[in-house]
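My questions will all concern the structure given below.
For clarity, chains are labelled A, B, C, D, E, F, G, H, I and J in written order, and residue numbers in each chain start from 1.
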Amino acid sequence: MPSQPSRHLEVVPNPKPERDYRIELTIPEFSCVCPKTGQPDFATIRVEYIPDQVILELKSIKLYIWSYRDVGTFHEAVTNQILDDFVAAAAPRYMQVVGDFNVRGGIHTLVTAEYQAPAVVA
Amino acid sequence: MPSQPSRHLEVVPNPKPERDYRIELTIPEFSCVCPKTGQPDFATIRVEYIPDQVILELKSIKLYIWSYRDVGTFHEAVTNQILDDFVAAAAPRYMQVVGDFNVRGGIHTLVTAEYQAPAVVA
Amino acid sequence: MPSQPSRHLEVVPNPKPERDYRIELTIPEFSCVCPKTGQPDFATIRVEYIPDQVILELKSIKLYIWSYRDVGTFHEAVTNQILDDFVAAAAPRYMQVVGDFNVRGGIHTLVTAEYQAPAVVA
Amino acid sequence: MPSQPSRHLEVVPNPKPERDYRIELTIPEFSCVCPKTGQPDFATIRVEYIPDQVILELKSIKLYIWSYRDVGTFHEAVTNQILDDFVAAAAPRYMQVVGDFNVRGGIHTLVTAEYQAPAVVA
Amino acid sequence: MPSQPSRHLEVVPNPKPERDYRIELTIPEFSCVCPKTGQPDFATIRVEYIPDQVILELKSIKLYIWSYRDVGTFHEAVTNQILDDFVAAAAPRYMQVVGDFNVRGGIHTLVTAEYQAPAVVA
Amino acid sequence: MPSQPSRHLEVVPNPKPERDYRIELTIPEFSCVCPKTGQPDFATIRVEYIPDQVILELKSIKLYIWSYRDVGTFHEAVTNQILDDFVAAAAPRYMQVVGDFNVRGGIHTLVTAEYQAPAVVA
Amino acid sequence: MPSQPSRHLEVVPNPKPERDYRIELTIPEFSCVCPKTGQPDFATIRVEYIPDQVILELKSIKLYIWSYRDVGTFHEAVTNQILDDFVAAAAPRYMQVVGDFNVRGGIHTLVTAEYQAPAVVA
Amino acid sequence: MPSQPSRHLEVVPNPKPERDYRIELTIPEFSCVCPKTGQPDFATIRVEYIPDQVILELKSIKLYIWSYRDVGTFHEAVTNQILDDFVAAAAPRYMQVVGDFNVRGGIHTLVTAEYQAPAVVA
Amino acid sequence: MPSQPSRHLEVVPNPKPERDYRIELTIPEFSCVCPKTGQPDFATIRVEYIPDQVILELKSIKLYIWSYRDVGTFHEAVTNQILDDFVAAAAPRYMQVVGDFNVRGGIHTLVTAEYQAPAVVA
Amino acid sequence: MPSQPSRHLEVVPNPKPERDYRIELTIPEFSCVCPKTGQPDFATIRVEYIPDQVILELKSIKLYIWSYRDVGTFHEAVTNQILDDFVAAAAPRYMQVVGDFNVRGGIHTLVTAEYQAPAVVA
C-alpha cells in the first residue's frame, strides 16, 4: 500500500497535557535538492518539543519529510520552515529544530532554530 | 521458581532520608505492543529520582516493567504512566522518567517527563 | 492493518543466482521467554548467507522473529532452530546465524551456528 | 553550473597499471525508492577494486549514484547491478561492492558482491 | 608485604589550603556482598571533593574500599556510608560520592550523594 | 534464597550435537586474591567453545566463578585451571579461555589458553 | 573551472531575520605556515553564529580559508583575525570562532574567541 | 641542537588584548617521580586560560614540563604549583590547570585548580 | 631555524638487519593540490615496511611530505609515487603505502599500494 | 620502600608448560630519551609470548622498563633490544614486542619485532 509525500501534518491529543514534558525525534533520512546545482543534499533533522494540547503524529512527519525530496532549498531556509510548519500544526509550548547537513565543499553545516510560545496571562 | 508480571511496586525504607541524593536506574529491556499494528515495540527506560521516606525495590520494578509486554500503548502515554505510577508508589522529592524507543518508520523517539514534589511550608 | 506473528517464511527469486554474494541481516528486536523462570529474554539475531535460487523476504523474517515472543526456549536451541528454519526455507549455499543474548546472572552469551550446502558433483 | 544524473561512467588511464594496488571508495549518499511502497530508501555504497588499464573517474561515479534517486529497486538487485556496471566500465582485475542499507522494519541489511577477472593464459 | 583491609582513613596536610580546588578519584574495584542472596556485587566508586585542611591518603582509601569485600550492604546505603566516612575523616569543603553498580536483574543502578560544608560566619 | 560458591559444574544435553557451533560467554565479575599481597584481584573471563554432547549450565558457571573469591592464585595459573575444569566437565570439541586482568603496577595482563579435542579415528 | 583563494567574503540575505537562530560550520581543512620555522600548520576551524540581516556564503568561506595556505601566522592571532573578518562581513548578533590546531612539540592548542553585538536601544 | 629543561617561562605579547578569549593547551607527556617510592609517575596536564597582556610561549612550556622529570612531588602539590608558576609568568585574567594522573593502586586521580584575577576598579 | 621541503630522503643503518621486523609510520598532515581545480587536497599517509640494510630517517620523511604542498597530483598517482620513492631510497624487504584522502564530492577515497622485494637465490 | 630501576629480569616457573598458551602484557608507561635532542620520548610497549619453562615476573618487568628512563635510544633499536633481553631471560616458544611511540614531528611510529624459537627435532 504505497503512500504519498505530503506537507499535511496530522496531530493526536496529548495524553498528558497537564504536565510539561519533552518529546525528541531524530529523523536521519532527510533529502532535498541544492537550488544552485540541482544535486541532492542530505541531512539529519532533530526535533525537540514540549507539547500543549496535541502531539505530532509520526507517520505524517515521515510523509512531510519525504515532501522535500525534489524541492530546491537552502540549509538555513528549510530548517526554519520545518520549525514554522511544525509550530503551526502542533502549537507547542516550546520547539527546537536542528538541521545537521552532510559536508559540502569540505564544510559541515548545522542549523538550530527555536520557538517559545508567548506567556499566557492568567 | 517462576515469578509473575505485576503492576504492584514494593518500596523499602530510605537508608538516608535526611539527605537529598540521587538514584538513577537504567532498564534496557522494556517491550510493549503498538496499539495500531499489534506489533512489538522496544525501549530503554531510564529513571532518576531523589527519594523521600522510601526507595523503589528493584525486583518489583522488574516485574512492573514486564507487565507492559502484552499491553498496547503509545510512547508518550506509557512514559507518563510509568512516572505517575512510580511517584504514587514512592512519593519522591523529584523524579524523571525517560522512554528511549527504537526506530519506527525511520524515526527515533525519546520522551522525557519530570515530577517535582510540592514545596512544604515549615 | 495489523499483521500476525508467523513461522512461515516467504522467499523471492534471487536477482543474481549466477554469482556467489553475501547478504547480512541484523535484527536487534528478538524476544523470547526463559523456559526456567518464564521471564522475558532479549537478543540481537544476525544472519549472513550466500543465496542460491531464492532470497528470504524481509517482512516474513520480521513476522517469524515475532513468533518467538511467547515461546520458552534456551539460547543454544533457538539459535540452531532459526538456522534450520532459514536453511529449510531458502536452501542457501551458506548460512550463519548468531544469537547475541543480553546479560543474565552477570554472564553475556553469544551462540554462532553455520550451515554449508553439500558440494554438488557436476 | 548544474549537472545531470547519468548512468554513463567515465574512466581515466591507470597511472600505475604494472602494479596490483587497491582503491577503496565510500559513498554515503545513495538513495533510491522502494519498489513496493514507493518510499525513499537510503544506503552507503562501498567500492573496493584493483584497477587494470583504467580507473573510474570520481565525478561520473557521483552522477551515476545520483541516477538511482527515482528508481525503484531491491537491495540485492541494485548492489549487483552497480557491480556489473562498474566492471563493464573499468574492466578491473578485482572488484567488491557493498550496499549498506538503513533499517527497514527493524532489520538492517548489508549486501556484498565480488568480481574476479578471469585468469589470463600467458 | 601483605596489608590488611581497614576502615581507618589516613589524611595528609593539604598543600594549598588557601585555594578551593577539586580532587577526583575513580576506584573501579569495589566489591561487596548482596544482603539478600549473599552473592558478590561489583561497582565503580567515584569521589570528587574540595579539600579543606587535609586530603585523603590514597593507600588508606584502597584499604577502606577493600574492607567492604565481605560486607552485606545495599547500593543506596553503602554509597551514603562512604560519603559519611570520608567527610568525617577529611572534613572537606565539598564532597560527592557516586556508586556505579553492575547490572542486576537487567537493571543498572547509579547512586549519587553530596556533602556541602556549612557556611562559616566570618 | 541464597546460594553457595561451588567448584561443581553442571551440564545439560547439547540440543544440536550433530552440528559444530560456537558458544561464547563473557563473565566480567571474576575476583580472586593476589597470593603475594593478599589483596583482591579483578578480571573479566571469556570462554568460547564448540560443545560435543553437553553444554555448560550458566548458573553453575556463576557459582564456580564465585568460588575463587577468597583463593590466592596467579593470573597464568587460574586461567589454565578454569580451562582444565571446564574441559573436564563438558568434554567439548574445542575450548578457549581468556583471563583479562586489571592493571597492576602499571601493567595490564591478558592470558589466553586453548584446548582441542583429539581427533577421532572413524 | 579552477577558482582562486580570496579574502573577500560573500553574504546572502538571512531567510529568517526575525528569529534568533544558530548556524554552526565545521571546516577541517585549514592550513597555514608557522612564522618561526616556515613549516605548514594544520587546524580545524569551527564557526558558530546568530545571523542578523545576512548569512555567510559557503563557497566564499572556503576560498577565504584557502587564502591562509601560504601565510605565516600564530594560532592566537589567526583565530582572532578570522573572527574579526567574519564579523566585519556578516555583522552577526553573536559569533564564536574556534581554532583547533594539530599537536606541535607534544602540545595540542585550541583557541576560542567570541563576539557579541552591542545591545540596541529601542 | 639539544635543549635543556628549565623552569623559566617565556611570554609573548597577546595579539588581541582588547578581547577576552580562551586558550586551551593539552600536554600528554608529563612525568615526575613519586616522593614515597622514587618510581616514575605519568600524567596529562591541561591548561585553559584567558590571557591579559601576554601569552605563554609553547616551547618554554615544553621545557618547563620537562623540568619535573626527576622531581619527587605529590599530585595535588604539583598541579597547584604549575598553576602558581603559569599565573606568575603570564598574569592571565583567568587560568585553570588540570593534572590527570595514571592509575596507582587501582585508583585514578584528577586534580583541578583555578585562578581568577582580582576585579579592577575603573 | 627554518628548513626546506625536499624530495631527498635520508636513511640510517638498520640496527637489527638480521631480523625481519615491521615499522609503521602514520603521517596525518599531507596536503597537495587538485590538478583539475587547483584547490588544496588533504590526506593521511600510512607507511608500513620491513627494512633491509637501512631505515628511513623521520625528519627527511617530513620534508619529503612537505614537498607535495604545491604540487598538482591525483590520489592514485601520488600514492604510487610515494611508494616508488621510498622503495628507491630504502630498498626494503617489503613496503605498503596507504593514501587516505578527505571527502570530495561526497566520496571518500583510500588507495593502497604494496612492494615486495624479489626473492634472492642463495 | 623505594625500589631501583634494573635490567635484571626475574622469571618464575610456568604453571602449565605442557600447553602452548599466550600471555599479553600492555605497559603504557615507557619513557626514554631522544639521542639527538636529549628530550624525553614516550611509548606504550606491548609484549605477547608463548612461555616455555618459565614466565616473566611482573615487578621485574616494571623495573626493567624503568631502567630506560635516562637512556638515549632510537625507536627501532630499543624495541629490538627489549625483545632480545626478554627472549634471553625467558626462552619463550614465541614472542612479539611492539613499541608504540608518541607523535614526533607530526609522525607516529610503531615498531613490531618477533621471535620464534627454533623447531626441536624429537
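Everything below uses one rule, namely that a contact is a pair of C-beta atoms (placed from the backbone, for glycine too) under 8 Å apart; a residue touches a chain by one contact, two chains touch by 3 or more.
Please read these numbers as outputs of a predicted model, since none were measured by experiment.
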item	value
Required minimum of steps from chain B to chain H, each step between chains that touch	2
Steps needed, at minimum, to go from chain C to chain J via contacts	2
Chain G on chain J, rotation in degrees - Cα superposition, rounded to nearest 5	180
Matching chain pair for I-J (criterion: over half of the contact pairs shared, by residue number), options C-E, C-F or G-J	C-F
C-E compared against B-C, more contacting pairs	B-C
Chain centre separation in whole Å, for chain J relative to chain B (CA means)	52
Inter-chain centre distance, chain B versus chain E - centres from mean C-alpha coordinates, in Å	28
Rounded Å distance between chain H and chain I, as computed from the means of their C-alpha atoms	37
Gap in Å, rounded to a whole number, between the CA centres of chain D and chain B	47
Residues of chain E touching at least two other chains	1, 28-29, 102, 106
Pairwise chain contacts under the document criterion	A-B, A-D, A-G, A-I, B-C, B-D, B-E, C-D, C-E, C-F, D-I, E-F, E-H, F-H, F-J, G-H, G-I, G-J, H-J, I-J
Touching residues (chain side chain C, partner chain D) in the complex	14-16, 19-29, 51, 55, 58-59, 61-62
Contact set on chain G toward chain H in their complex	74, 76-77, 79-80, 104-114
Residue numbers on chain C that touch chain B, as the complex places them	1-4, 28-29, 31, 36-40, 42, 66, 69, 102
Contact footprint of chain A on chain I as seen in their complex	102-103, 106
